[in-house]
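Can you keep this structure in mind? I'll have questions shortly.
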């Protein structure tokens, strides 16, 4: 399976179920993949932020890749996050991903270092040249503390470095600039523009985005698939209605706010929801995240009930 | 060699010389170690930010560790940076460091993730409990985007989690709070407080810090050693004078400003200086850093000349 | 004229034309008001960021208010920015605005100070209680360095503190949260939700926003009016097309990037465009902004030509 | 009284006592001035951040100026904060300050706007050219979100724009760069370098700073005066000991942390301490700050007792 045409549709970043002793729970992971495929998603993105990639040692990362690629068995493309500080470290992950049979790579700008935009270009060009798989840029300023500029993204699209971008910056003007810039350059019409902002999927698609990478899609893949299909069919009112239901559901990410980091609150809530829905065996999150307490889990349950997911 | 008493003195973060094809230049690295030991340093810190740790794949990291630990052969303690996003990933590096014979570990707070202070405590406790070596916290908000609070550092000192802190936050009030807090708790008097701010070493020592981890110490270890000895002997005027000379020399870190990231400008300037001084064979920096150009190298040379280092 | 029902439509933040010696150019200001009214806008917002409010002394502010309110003479509502650091200073501006006959007040969260959300609530409640006019919150984190939370905005809407919000945060998920929250509370259905993000007006309206406050609306009020009318009539394809044309035009804000601050580049470009279009006599911006040079003005002219505005 | 030679010594930013209905409490203000002068301070800085300048309307500001300048009656220089967003607004305050008889002006870089360093230079040059009094730059990134570069400060010193700088940035390396840069330029030896970091006064003086502007100096002027005199006499051990006592006392700024903004917690604690010490009649802080509660005031009292101030 290749991704020569633009990747489109719903591409959830797959949660990584863990056992109580924090090993990858491969059984639950396979069930989660089935849940997502049954839900109607178009591709999978493993080892993204929602997958707790920043918490997983290399051994865990490899197990995740092999489990998902093996279980998917070519039904849909599998993109692999190769999240690390700079190009050479990213390329080590890329080799593992290629070896496991992934269909594409997803890399952020450098982090930890203080990096110039020209160096960010070198970073992506190095990964693309040696990574052996289509490369998607992951624009995530909240984690890497730099924003990919519209011109940079279009330049890296035009020279073949990037196969697409996952824009999780929340900068809808920038997203739209990329979409219009692509329209002006027919030679990059296979460049895939994906939004990572799970609350504005209908409007992103309306602007011309190709798809969405929603963390909340783990909990409710059917909802995001319905949203995407409605948009595809031009039924924008239905798309909006679905999006609004999902926006209300999304508030579950705040249940732990104040008592733990925002990462832990969101990741813990997604896993609690998957556990409550019977899809994964354990809601455990990786160290050093503080787990949700009983009260917080009960609130997740209420959100699920309200959204009709219990 | 252990670090049971508080680590003190000049502990440079060792640059990582690279060959033109970006492999570790072990010959140059050994010469750099000799240069530092001859210069009078008290310990070495490998795989820190100045070592380009965020740019080095695991294979390079291992070669650095083995080269330095082997070459030092117990003459001084060798601390190993185990820089990665969260505890379980850090522990993979810790195993390699312990296997190579390092004397201590240096870890930052989590990065990439958005982490609560209570989770930062779990992070360090996990590394200390399983890392098998004394653990030093590396407070580097410019890279990890969170600051270690004074109370947190003292709590982790008191419970035995941390053997010391390298404070590169630039927050001298916070540094001083840790120093006074230690004075109030005789049970943690072996806790080592090191400043990473290479421009205020005399005043940090005056406040009661135990030592310094100066990136610029690669270029001029003799200068930092003289500074430390002068302070030790109570000759604060000489210490200040030496510090002022080093502050002027430090301006070389800005030669590439505007044309590259601040990381690249500083790291490139340190390596250019080491190359100009004949200590390393190549001034190459790791991808994706933009290299200094001839004009910038010429300005580094002027700084060296002014400082009496050519 | 009152704003008892929700304010809707296109409400441009009116530029403040200046003479070469930096006095308010009241003749140009009156012509600009005519240009906007002829363009079909629904209300005016004077003394906003686009009006260079942060650069204008109180005397200038008063002249602007009196000129615009007088010239408009009740044809449309006039909102007055009362931008200052905290509530008591804001109230001094509010008195002037009320005296001049403004129809509403627009205030940001406190700035310069480091302020808790509970204090932000007190701030708005104080202004509403004593300001004597309907109060609109201006959510502008890029200037005030704090974000108004969705819950806070809804709470201040529900208790009657706020008549509306101008959301210039770029956080479309937050904007949508306010829109849905309002829908759940019929008692606040006159609360006005306005977007300040001039690049996503079609999608903001699609989500349920009531209107837009576009800085670029000074340059092309007809465009924003067409966009709003198309959306109102359910002609979303026409709205999108208009928005896309305006997004391309908006790039003129970057002509001075690198050589001056982002504020100056955008404000200077708006004024250069108004001058090139013959609406204002001088393109001067207030101190200490660096003016556009001839080359930058030429590029503004090209953007206008491309957009069909010359 | 002029400040033609470099301003030196302890220059506290004077708190602004308020009545319960939030008018300036001029009786308490006069007593506070006496307390400071008796404490041995060398000059006064009114209308700084510690004075709640960002909370005070212009009328309050004028009363403060007239009260303090009148009460001081030339015994020491009085500097006036002219804190506002940009140059023309600052100049309105400068006129009031000059009219009231202030001896110098203190202005920050522009805020609210996004400003280029070249524009910051124009800002200060405009204020200096038209303000009619010696101008001190107030480097306060935590409030204005830009940092004054060392080269910019030295350039503005060399061309006569600035009479001095109050560095509250916490960047001790930058402070030291200004001090050394001044030493290299004998023509600017009357340029005054003051630290606003109240926890590192001994080391700042050791580096060559001329004085300190300590908010905590309201509470304990005698302590800061002793510190400065000890340093002046070369008794650095006594200076350090005094500084360490003051650092412990300074922790009272955190009593309200979490429940209010950092500004309110510090300002409220200073006023609570002044009230507990019997110097001001009311501990009221300006709107919209949340006041300290009884428990927090009790903790302030403990800090005072420990410091020997009750």
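Read from first to last, the chains carry the letters A, B, C and D; within each, the first residue is number 1.
Keep in mind that, in the parts below, contacts are C-beta pairs under 8 Å (C-beta built on N, C-alpha and C of every residue); 3 or more make two chains touch, one makes a residue touch a chain.
For reference, the UniProt names are A, B, C, D = Dihydrodipicolinate synthase family protein.
Treat the numbers as computed from the prediction; the structure is a model and nothing was measured.
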| item | value |
| --- | --- |
| Reference chain B; chain at largest CA-centroid distance | C |
| Whole-Å gap between the CA centroids of chain B and chain D | 35 |
| CA centroid of chain A to CA centroid of chain D, Å | 49 |
| Interchain pairs in contact, sorted by label | A-B, A-C, B-D, C-D |
| Of chain B, residues touching chain D in the complex | 170-173, 176-177, 180, 197, 199-200, 202-203, 206-207, 236, 240, 244, 247-248, 250 |
| In the complex with chain B, residue positions of chain A that touch it | 22, 49, 54-60, 83, 85-89, 91-92, 110-116, 118-123, 126, 142-145, 259-264, 286-290 |
